[in-house]
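Just passing along the structure, written as structure tokens.
Letters A, B, C and D mark the chains in the order given here, with residues in each chain numbered from 1 onward.
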Amino acid sequence: DRPLALIAGPCALESRAHAMEMSHALVELTGRLGIGLIYKTSFDKANRTSADSPRGLGMEKALPILAEVRERWGCPVLTDVHSAEQCAPVAEAVDVLQIPAFLCRQTDLIVAAARTGRPVNIKKGQFLAPWDMANVVEKMDQAGNPNTLVCERGASFGYNTLVSDMRSLPIMAETGCPVVFDATHSVQQPGGQGKTSGGQRQFVAVLARAAVAVGVAAVFMETHQDPDRAPSDGPNMVHFTDLPAIVETMMAIDRIAKALPAGG
Amino acid sequence: DRPLALIAGPCALESRAHAMEMSHALVELTGRLGIGLIYKTSFDKANRTSADSPRGLGMEKALPILAEVRERWGCPVLTDVHSAEQCAPVAEAVDVLQIPAFLCRQTDLIVAAARTGRPVNIKKGQFLAPWDMANVVEKMDQAGNPNTLVCERGASFGYNTLVSDMRSLPIMAETGCPVVFDATHSVQQPGGQGKTSGGQRQFVAVLARAAVAVGVAAVFMETHQDPDRAPSDGPNMVHFTDLPAIVETMMAIDRIAKALPAGG
Amino acid sequence: DRPLALIAGPCALESRAHAMEMSHALVELTGRLGIGLIYKTSFDKANRTSADSPRGLGMEKALPILAEVRERWGCPVLTDVHSAEQCAPVAEAVDVLQIPAFLCRQTDLIVAAARTGRPVNIKKGQFLAPWDMANVVEKMDQAGNPNTLVCERGASFGYNTLVSDMRSLPIMAETGCPVVFDATHSVQQPGGQGKTSGGQRQFVAVLARAAVAVGVAAVFMETHQDPDRAPSDGPNMVHFTDLPAIVETMMAIDRIAKALPAGG
Amino acid sequence: DRPLALIAGPCALESRAHAMEMSHALVELTGRLGIGLIYKTSFDKANRTSADSPRGLGMEKALPILAEVRERWGCPVLTDVHSAEQCAPVAEAVDVLQIPAFLCRQTDLIVAAARTGRPVNIKKGQFLAPWDMANVVEKMDQAGNPNTLVCERGASFGYNTLVSDMRSLPIMAETGCPVVFDATHSVQQPGGQGKTSGGQRQFVAVLARAAVAVGVAAVFMETHQDPDRAPSDGPNMVHFTDLPAIVETMMAIDRIAKALPAGG
């Protein structure tokens, strides 16, 4: 078992300056702590609760910035795609494509992402049982791409609430794919603020601890220097100043979890 | 309150001959019973559980057939769209566009569907609270299309199971939009057969009765002359020979439900 | 299929005068409308959210009042029991015993209730699948009492929320027992007001309509002349002045639902 | 924060010989590993799925055996109570009383347990939100007993399934009471085998790891030398031979979890 990696960054690509500043800070922090980083940010928030909410920079302006992050810091970059057409151009600028949870069953999108040859991180739909991710992975395999990451981000639990079932981590691991735990969206309260989604930032570290103790390849955790003013997912992003302690805790639990016998 | 309408047809457009035969039979039946019909069928099953499952005829072959159904019987036709690009061409061939449940939050798709000027039936996501459909309707309104239908098709309830919350019907009616109850997909068991979804055909009529008694504008009910051999949604489609009794029951309950005082 | 019956009354037995007044009003109303009545009231609220909430008159003071209601109006009376010891004395004063939902798996209580020979209305636990009520009915049968009523009152759906699955009505009917739909507690929001449970009175009639259209032997509906001042379940009790319209609607739907073919 | 304790033993008290053998083995094991032990076993399974399932030895025969375990090994003993009358005699024989999850809202039972002065471990109902345990704790406090333990054992998640929400652990900790994680019943599948409950033994260690990483005072874990032949909860009890590795893992994670900063 390889040590825990971190997929982190601000939810949305706000500007070139913000992206360079955040990625620099994350590269510096993770280098100091000794944990692998994949920088995550989104160029389009394609499924906002309300049409009034900001969407993001858009693909054309964003891809050069993502490529610049990658080149400047030598750090792999991940972003999400929302249509089959986006996959090829996005794959030129970033290292890992991500399929949003609502779209995890859209066959054309999965196939287009697979055909780029890039690793693809697929979020498990809030409506999907963990064992059903095997069918999603098979779609990737049949399209000739064995590099799937499977990602837990919470399951629907009544209205406007998600619950993280830690059993899903070993169940999804049976696919043979690396398992990612998205600690940010697992504490989302979808639609919970009427025209935007709410979140429970205080439980990000709680669920991350739990997932790492069970055993995962990576934790996904959005962060921002001022989350309460962020254009999206503010309520569930971690303050950048809180990130070091959370990451150190996860690393310590990961070391012991992976050293212990699997059956224990 | 206008009398109940029926949105019905086979899940998938299997062939021209099958479409003409099924639509003829439905036009004849609903004409005899005196209930309005919208003929429903899909040209692409874009989110199958497994990549091995059949997808359908595809848009190019399907649209002329859908247009032919409309012209031959003078009957409105509904089909679902899966990407923004499909909306304009589909709107030339059919009368009502439908947004699949998984895609009900994809802003670009909603806007593209709205801009066709056609009525749009939006399935409520399995992960969405009924009050959150107000935001979806607002996306339609802002795109200049007030003709939204909102459709209940079940909410996630544990794994591989949906539950139909009858409270969602009056809650969604507060949007001012006609409310549709999808009795077919509400009894789906998503992913429940491993590589395909299961279903509980025996509960279609049960849930349809309940929804009509609460009060809806239309019931959506897929039907097939041989559902156990249908390429998709077989376990939850109604045998065509069982449809007349179910529709007559719904019509009788609808008449009394709409004649009674709203508060009662 | 026999016509719909009504199980109604105020949640709690507040005083002799209140019980006589409410029961009189209900006997008069149901006689006028032509629907069978079972008068329901509780002598002890044994599982309040908070220890500070009122409990009720207690068994000793209550039983003579319940017996008086029965004799004065010739109307069957139902009340709930909370321990095996209560069953025999309660069975002397009332016609139907009721097992609360939380207690539906307590074997000793079921057996003691069964042994009184009285019909027993068993609420399905919020944590129980409808098919699991077959095991509860079997406990009654093995204790020599075939007169079980099985009652739907909502299933846990996330936190502080219940959902009514209308499929549970035909599933529980397979036990051969009359099925009751509790429209009052199905709209309860357990613990939803911090130290008391909330409720959604506006959905009582909605869910009652749905259940009657599916087909039930009786609807359970708590009512009060001033529910917002009632000692318990106020938020989900119906105003007595609203009851006639709701009952007439249910009776009209029941007549048509039971006249229609079962398969429809 | 004190180190993790273990509440363990076979689900049911099968015989004096079995109790002495199991308790001896557990005392020996936990002494060797250096973890505090509370021996758990039940004298009555009062809420079996089916009336045909074995109930247990009964209180009268069981209490001397429980007292003997306590005296022989100097080890605290825990058992569950099902009625107010049982509390006083049980409190003479054991050190900790336990309230079953279905009964966590029965005020008389809580008060009677509280009045014994013994610590009381209260299982959170499968139907209860974690924040609602504050009301249960207040019932204990008002009855004069501040020694409540609050225990997570899963929340209803659809039918025949529970889910463990790890957020419930810090939420319940806000009561100021020690938090216990019941890893055995959290993997129960209530009623899942028709006439008995099923279970997922393979996830006991998974959920225990997660809970300990979040931070708990104790883990509750039933164990048996031959669980597949045990009279109750066999599918979710851990083989005694697997227990040492699981406990060592939990202890290692506990040490690191409690050494780390609370915010991390």
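Keep this in mind: a residue touches a chain if its C-beta (ideal position, glycine included) is under 8 Å from a C-beta of that chain, and two chains touch if they have at least 3 such contacts.
Treat the numbers as computed from the prediction; the structure is a model and nothing was measured.
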Any chain that touches subunit D and subunit C: A, B
Maximum centroid distance from subunit B, chain identifier (CA atoms): D
Distance between chain centroids, defined by C-alpha means - subunit B, subunit D (Å): 48
Whole-Å separation of chain centres (CA-atom averages), subunit A against subunit D: 36
For subunit A paired with subunit B, centre-to-centre distance based on mean C-alpha positions, whole Å: 33
Residue numbers of subunit A (touch at least two other chains): 155, 157, 159
Chain-level touch network, classified as line, ring, star, complete or other: complete
Interfacial residue positions of subunit D with respect to subunit A in the complex: 155, 157, 163-167, 169-170, 187, 200, 202-203, 205-207, 209-214, 242, 245-246, 248-249, 252-253, 256-257, 260-261, 263-264
Subunit B-facing residues of subunit A, complex: 46-52, 55, 82-84, 102-103, 105-108, 110-111, 125-132, 135, 138-139, 142-143, 155-156, 159-160, 190-191, 195
Sites on subunit B touched by subunit D in the complex: 157-159, 161
